[in-house]
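Next up: some structures, all given as structure tokens.
The following pair of complexes shares a single chain, chain A, combined with chain B in the former and chain C in the latter.
So, the complex of A and B:
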């Protein structure tokens, strides 16, 4: 879900054009889903935040207000000023520049964790709802057993061969969140797998893989979408935590967790220094959770089936949004 | 497609569901399976499709167009003789020179082989169209499924065949192709179900209570549509229901099933006119009462029984 947020960010600009005519009907399923997310208050806020986040991450790759390594021993822990809008940190480096550069790292972590969790979780779901009883039973037991391993412990173990790195965060979180995804999406997937439409598809020639891709996953998508976007948000928190423990992003690589780690020790002396990275992480996590909620509503088969496409372009939804804001 | 079922027995766990059923459907034949709930009708259909639930065990013989799908040599040499109706339609023995692939008796074909059969040689129409259509797929995607699975067609060719099939079942392709099942009425949904079952021109159509979830008027339209399409295609039909009034329109011969056994079989018209077994009599009476009760001017419907079956 998060894997497509970059595309979403750009398609947002296509949104107003779409709502003008009947083009929404002609647009593909992804476009319709995006539009449905955009027409919900929480979804629109989430898309704006994620769009800004993506834009900042891209800009930071070529430009930041100050070079990251421009330290200044005479001006540490500065309050915000025209030269340093968010002040400076303990080395005198520009906080805004580091947060901008961290946006790129954390966007990559969120996307990669969601991707790994999606692939790993989907494999587990496929095994759990398999028509082969032995495979399904084994998968259920395996997920229940593996889910008891704490993410932090996993990261500490992975850090032995890998050292402190982004890979540790992605592997540990992707593995753990994939298990969570499988366990949480299993009831919905099982319901779809045992449904009359799957039986009907099988009777009309669908293969096991085809049933999984075209019938079971789309009908479990509301649950999967919420879980994946929440996983992406949780991955940001995990990145901060693991970096603080010294097994996450290595020192020298900008990340929001890194900015938090370097300032949190001085929270009693310079509380404002913790404020900015904390605020950025919080806003990003909230945006991802809101995106999850909006995606759940947008991908709900009941809504897809019963509401005519014309409803999506009626001012109903947008009016509601304006009232809500 | 000729279908022959010999001494079919299905057990689910330790409970026998089907206890020795014999029947055959000739090329272009329309045969009904009727019986109360739990008589094993749907299990027979699932056995024909190779889609029995895990934990179900099947014994006996099933052959389609001379291809033995399941069964041991004993089932093919001793003959049927379990159902009293088998004398009406002697089960033809399988000759070595029969068309199609003749597998060694006792050989159960693989899942993959059965999957190749489903949708291509056997099409299935299901009971509750609202539940049997994937809510997240458009009508065009649903109907295209058997074509995608079994034929190498370009997008345009596939689209054209889907549109032609939708027109045949009385839907406007331009209108419904992009719609989702939830946006259609029950009758329209079942027309989509029929289009899906028939789009790959299968030789056998299994209709598992296709009209049970529909109102009386729609029921009649759907049955007439199904029968005319099956006849046009020259396919065989196995029609499963608990409602004689529908069966009369759809089939020429039928078997009455009770707790896994065939209790009576013969031409549908005769069963309606002079049912011998108590169960058959009950089902016929129920159909007449329901039909008369449903429509005050329903005398036509009762005369239709004989007319439709003749």
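So, the complex of A and C:
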């Protein structure tokens, strides 16, 4: 028993965080992780981009250079000028203003998709690692079966009653990415669920739910955080695609997918208009992926990549399960 | 064996749940299907006639039963808009979509796996970092944008270098193989980029794991070079994982495929679905959505079975895990 605990303990450090001041410890661990992300090149670039994105989204709620509905039939498809830094679109509306307002919509979509995926994925993980054998087996196989349904088909099914709406994007992507999350985080969660400290907690009368919240989820948190960060990026790509197909963000609501879609029809006449919306989406998705990679490196010092600074290797912070198998 | 039985049972259950979901999504419309299909200007009499014609005045259970029975006989119904049989329409359009999916996958595999191997085998940190960045950036480009950029660069007539046609599919279909192939080239590249990047990342991580494992070390001890051992032993051991990933990617790339079908004006299944949803041709949409979702469930099942056939360790593990209660 002691041998087991030693072996597991090395794999899932910092699991039994049962003492007082858990909130403070969690905040400290989050701060250290953030610092470790910041101290890597890719992570710093990602945090800067995401910071600018958030700031622009907040600013756009109260101010944009031009009102969104300010159209001007005499100045359509204008090249960049001091008045319109990124030019105007086919209705004479200011491209920069629409991209700024789109930043808010896309930020909301990324966050909501991550939230839905986190909740749905956590429920699935709980079922997958449950000690109830039949439930766990069914959950594993159900995830395998459902994961093969394309997001876009779900979106089309939902769009029939709901029409084009943000809810379609959030539900379809959240459902699909929750399944992905469950599949990827399962090994880590399973390792924690079968560990000696969980056994001892259960022997001491802890409830299944308590063990899940205090031990299993904290130990799967690094994997979950990395996956959610990447999922938020994929959600932006899905938003652009679904909006173009007419089942995503409704027309009239600013979003990056909307800006990209409006530039499509006259692409061969006004090629420059295509540049900015696509570039913005790509940069945001790259940032979220870099954040995911940096999070993985920060929580797993042994992983490939540049050597982390010594103080980033936290002795008791977020334990990481490198590979569940 | 236990895994197989469970997986097949879940496949049938998922098919059933999906048919209920699709049916319900079309019946909880505000108003009803007949009112939506007849349009805004229809009189009450016309709506009532259409309702009787489509059998929508009968109980839901009877409608569902009839639809399911017809589906099982391969009868997908008749499009209310064009009057053509949905089966014939799907069969014709599959001649565009399935070759497109095949070409996308082929491109992604031929680019993604060698690049992933190179990334895993690279030793210099700068080279590893460069590979990593290439994979992240290539995976962050929306298919809509890469399609537009390809049109601007390579489209015949409008691009910088007029190499490939950018709009439509030859009338003769595959009886003009050269023209058909050329018209699918740019769409396949546009949707293949993200898939290639994703396969590259997965290949790198799967092969990276194998490089640290004993099998590759054993190969090197027997006199192979590191590269030989990685490619001849490591890659083979990583194959089951890569098959599984390729199957999942298939489900994720459908959004891109639908987007590029619309962008390049290809008469494929994706374009058909979007048109039918736009036309409110709901009886056709119901069958098409179910058929496509069922197809991907089947692909998922086959990929899972292939994964298990290729990796006997997994089957043993699943049976043991399932047996533990």
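Note that in this section the second predicted complex is superposed on the first by the 270 of 325 C-alpha atoms of A that agree within 3 Å, B and C clash if a C-alpha of one lies under 4 Å from a C-alpha of the other, contacts with A are read in each partner's own complex, and residues count from 1 in each chain.
To be clear about the criterion, a contact is a pair of C-beta atoms (placed from the backbone, for glycine too) under 8 Å apart; a residue touches a chain by one contact, two chains touch by 3 or more.
Fair warning: this is a prediction, and the values are worked out from it, not measured in the lab.
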item	value
Contacts of A:219 with chain B and chain C, given as first, second, both or neither	first
Which of chain B and chain C A:242 touches, first, second, both or neither	second
Touching partner for A:133 - first (chain B), second (chain C), both, neither	both
Touched partner set for A:209, first chain B, second chain C, both or neither	neither
Greater chain A contact set [chain C / chain B]	C
Partner chain in contact with A:62 - chain B first, chain C second, else both or neither	neither
Common interface residues of chain A - those touching chain B in one complex and chain C in the other	132-133, 304, 306
Residue numbers on chain A that touch chain C, as the complex places them	132-134, 137-138, 141-142, 144-153, 156-161, 180, 233-234, 237-238, 240-242, 244-247, 257, 260-261, 263-264, 267-268, 271, 274, 277-278, 281-283, 285-286, 289-290, 293, 304, 306, 323
Interface residues, chain B side, partner chain A - complex	49, 51, 54-55, 115-116, 118-120, 122-124, 126-128, 131-137, 141, 145-146, 149-150, 178, 180-183, 193, 196-197, 200, 206
Of chain A, residues touching chain B in the complex	25, 131-133, 195-207, 210, 214-215, 218-219, 221, 301-302, 304-306, 308
Interfacial residue positions of chain C with respect to chain A in the complex	3, 6-7, 10-11, 14, 18, 21-22, 25-26, 28-30, 125, 128, 132, 136-137, 139-145, 148-149, 151-152, 155, 158, 194, 208-209, 247-248, 250-252, 254-256, 258-259, 262-263, 270, 273-274, 277-278, 282, 285, 289, 292-293, 296-297, 299-301, 303-304, 321-325
